[in-house]
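One chain, chain A, links the two complexes that follow: it is found with chain B in the first and with chain C in the second.
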Partner chain A sequence: MAPAKSSKTPVASETSVALTTMWKSYIQHTSDRLKLIDAFLVFIMFSGIVQFAYCVLVTNFPFNAFLAGFASCVGQFVLTASLRAQVNPENRSEFNDVSPERAFADFTLGSIVLHFFVYNFLG
Partner chain B sequence: MVPRITFHFIWLVLATCVHAGSLSLQNPRFTITSSTAAQLRTDTLSLAEKPEPLKLGPSDTLKFTFQITENGEGKGVQPHQTFLRFHDSVSGEEGIQPVRVTPGGKAKFELNMARPPPSLPPTADRPLEVSLILGSFVHEPTIFDLFDLYVPPSHAPAPHPDEAKFHVLPLIHHTFRPEQKLPPKFVSVVFAALVLSPWLVLLGLWSKIGVRVPHLFSPRIIPFTALLGAFEALLCWYWIDLKLGEVLLYGGILAVPTIFAGKTALAATGEWRTGKN
Partner chain C sequence: MRFPLSAFLSFLALANNVFAKSSTGDSVLVVIDSSLQKEDYSKFFGGLEERGYQLTFRGPKDTHPPVEQYGIPGFSHVILFTPETKFVVASRCERALSIVIPAYTFDITPQSLVGLLSEGTNLLVTLSTKQTPLSSLSAEFSLIPPPPGTPLVSHHPARSEPATVVPIPVPESPLLTPGTPPVWFSGVPHAFGNSPYLVPILRATSESFAADSFDDSGADTLVDASEKVGEGLWAGSQLGLVTGFQTLKNSRVVFAGGVEMFGDEYANKTLPDGAPSGNEKFVRDVTAWAFRETLALRIDNTTHHRVGEEGSPEKYTTNDQIIYTAHISAYDPETSSWKPYSGITDMQLEFTMLDPHIRIALPPVTGEPGKYQVQFRAPDRHGVFKFVVDWRRKGYSFLQTSTTVPVVPPRYDQYPRFLSAAWPYYAGAISTSIGFFLFSALWLAGDVEGKKKKGLKTE
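So, the complex of A and B:
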């Protein structure tokens, strides 16, 4: 058991080192605009998690409201992630024809349609 | 032509004369025999007075013979229609049985209770009134009340195959699922706070990042932002009050200025981004 224990500690430390490096790199090299979008993605994710937890732990009644709320989180997350991918300068080569403004226009149109369906489901 | 008309006229006169005649029965006689061919009862019928009621067992046979004559004379005639009518005066049920009469006016009717005819009405322990109906084109129609007849009670009629469908069905009791309950108020409040808490995370992160919106109130940007806000307000209104057709109409109307405002705003943003302006 002793060797396993000794080998486990370096793995854990390597993971934490990797995570720290990644976090620092993210903080240093990511533009504020992308961070803005990332913060919004985190917000959506937490909203969805709490709603899902409520549905599982407490009740799914009214179910249509849960569906609307959770679907709005999932849909908005997809739209925002897609916006982030298109406005990221590092992906410029992949989205050569799509300007950030065009991506934002798509994002707003998609959001309005999504919200229409969400309100429709809300009951 | 004249002789032919005269010929028809003579026939008409003759028919009128014959019409005046009436039909009568000669030698009406009945015999009841058992299944072993033993004669149980035999008698001549008197049309003036009904005899003692006739009784037939389950396997007995009634034979009834008579001759139809005109005006009580010996010459037999064949009426156009001859029927025996079996009538239950209490239940109102009746059965009509045609009788074959020879051209000489003689007729013979046989009722075998082992194989009763379908025309026999349903019977109980009451007697059936039996009468003879004679119909003719050239004689007065006649009815003779012959006798009362006891026959064994008929079986209960077989139920119709669809009989079960014509009953009142048992009352339908609907079982509904119990009304779903809302959770306790405390749990609702806690989870409402939890659902709203990501807003704090969002605002915290944005303030940490340091969001700057220098052009938000620019005259080229603010119409687009306001119209997007109007869209969200319209959808919220749809949730509260509006019908689908109304929201589609208003949304369509709102879409036109939004498209132009968006084009202007995003073009301006593009210029700022590329540093043209």
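So, the complex of A and C:
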């Protein structure tokens, strides 16, 4: 990127600077637990994208399998995102009566129920 | 079809043989007008009796024996040799004036004749140039009678007979003996309506026409008529002389344009070229068809089963391989029995649910007489289906059968649950679960570490 820098692309360079700053800030200021959650979210997102692309480009047959696989990604994403919101120390004021342990227990129970339905619907 | 000749031969061989009888019964009621002499038709009636029919004669005004009693036809076949008989319209007036006109009793009406047909009785009806209830009845069977008083006229070929006595060549037809010589005809022609159940048997020659004047003085009228469009001129081979009609119940009715063609006079009369006429043979073939001796078919039974199984299942699964079999018999008048018949080559089987989902040829099986079989795959569609055979050809009995079977989708264990095409979805679901477990493990491990760190910090 360095040789491409020129006066023609001030906006691009500004954007990349902003992104770099944001990334550094994220690395520095985010706790390890939230990073773990974020990594999991990214994995689920890519899994969902791959399945949707396969459905659109190759086949949606059997459709119930697609629904189960895709719904497991979406549902897991939602549950994990909820967990992230509840355990984030910055949101402490909003989830005052929900301890992180309680949030994780909710997340686990929700995920187990979700996977129970997914595997029933998969075959 | 070959029956009359062979029947004749067997008659010569075995005088006391059992002869042709109808497939529906042997009792015949002959309603004969008082103006006609039974003896003039001795060859026709004798031929019928020789073939095993029991003839009962009565006049149109007689009340006994009744045509129908308590809704049950009294006879298997009815011959109406009453070409000029009218109904009693103003009987009191006529009685007062003591006028004697030919008339029917109450039990012979167009309605009762149609009722007889729907009960399976066969009819042979003779028409004449006069306007009678029977010519009105013929209009109900899609025959179009010409104006009253217009017989068939032809000046060809040159002959000594009057122009209204016409020799008609016999066409090729499945119900007529091939090679029948021309027949003498005298009577009224008719045009055809568009009913598909009409079976034209004898048509007028192309030089003949219907006219009310037979001498040359009326020629100008004819020329005028021919220049008009539409019904101006009744002429040509489009006119029918003897026409059959088969009802949906397979009963048959034949309308003949004149009664004279059944008589001894025309049977004995030689053709203009000196050869004997074909009247006797022709009327025998016509009555054989009308009384359901010839071209009488029936479906004996139908079966259906899966390939490799015996017996009909209660229901089929979509995409099953199905074998459908029909056994068809034709009536053999020589032995008065039904014999397996494999002569149908254009029959079709339909597998229908509202629409025919499958329409497939149902061919005869070689080597097994009377058996027709086809194998096909049930459609990939579940519902209540019907095997339908509906075969209708001119002159032949209509063959109709319908069997209802349900076709169901496969049961839960009759198709594969996990398909290779869906592996990305399975992998996605499984990887999510594994990810969840890993995440939970890491989270709990991190929790312990965090507590340790916290503890260290606080200490």
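Rule of thumb we're sticking to: the second predicted complex is superposed on the first by the 115 of 123 C-alpha atoms of A that agree within 3 Å, B and C clash if a C-alpha of one lies under 4 Å from a C-alpha of the other, contacts with A are read in each partner's own complex, and residues count from 1 in each chain.
Just so it is clear, contacts are C-beta pairs under 8 Å (C-beta built on N, C-alpha and C of every residue); 3 or more make two chains touch, one makes a residue touch a chain.
As the structure is a prediction and not an experimental result, all values here were calculated from the model.
By the document's definition of touching, neither partner reaches A:78: not chain B, not chain C. Contact with chain B, but none with chain C, is seen for A:99 once the two complexes are overlaid on the shared chain.
By the touch criterion defined above, A:17 lies against neither chain B nor chain C after alignment on the C-alpha atoms of chain A. Applying the stated contact rule after C-alpha superposition, one finds that A:70 touches chain C and leaves chain B untouched. Contacts of A:113 after superposition on the shared chain: neither chain B nor chain C is touched. After overlaying the two complexes on the shared chain, residue contacts for A:42 are found with chain B alone; chain C is out of touch. Common to the chain B and chain C contact sets on chain A are residues 32, 36, 40, 43-44, 47, 50-51, 54, 58-59, 61-62, 104, 108, 115, 119, 122.
On chain C, the positions that touch chain A within their shared complex are 417-419, 421-422, 424-429, 431-433, 435-436, 439-440, 442-443, 446, 450. By the touch criterion given at the top, residues 32, 35-36, 39-40, 42-44, 46-47, 50-51, 53-54, 58-59, 61-62, 99-102, 104-105, 108, 112, 115-116, 119-120, 122 of chain A touch chain B in their complex.
Chain contact summary for the complex, chain B toward chain A: residues 180-183, 187, 191, 194-195, 197-199, 201-202, 205-206, 209-211, 228, 231-232, 235-236, 238-239, 244, 247, 251, 262, 266-267, 269-270, 273. On the side of chain A, the complex with chain C involves touching residues 32-33, 36-37, 40, 43-44, 47-48, 50-51, 54, 58-59, 61-62, 65-66, 68-70, 72-73, 76, 80, 104, 108, 111, 115, 118-119, 122-123.
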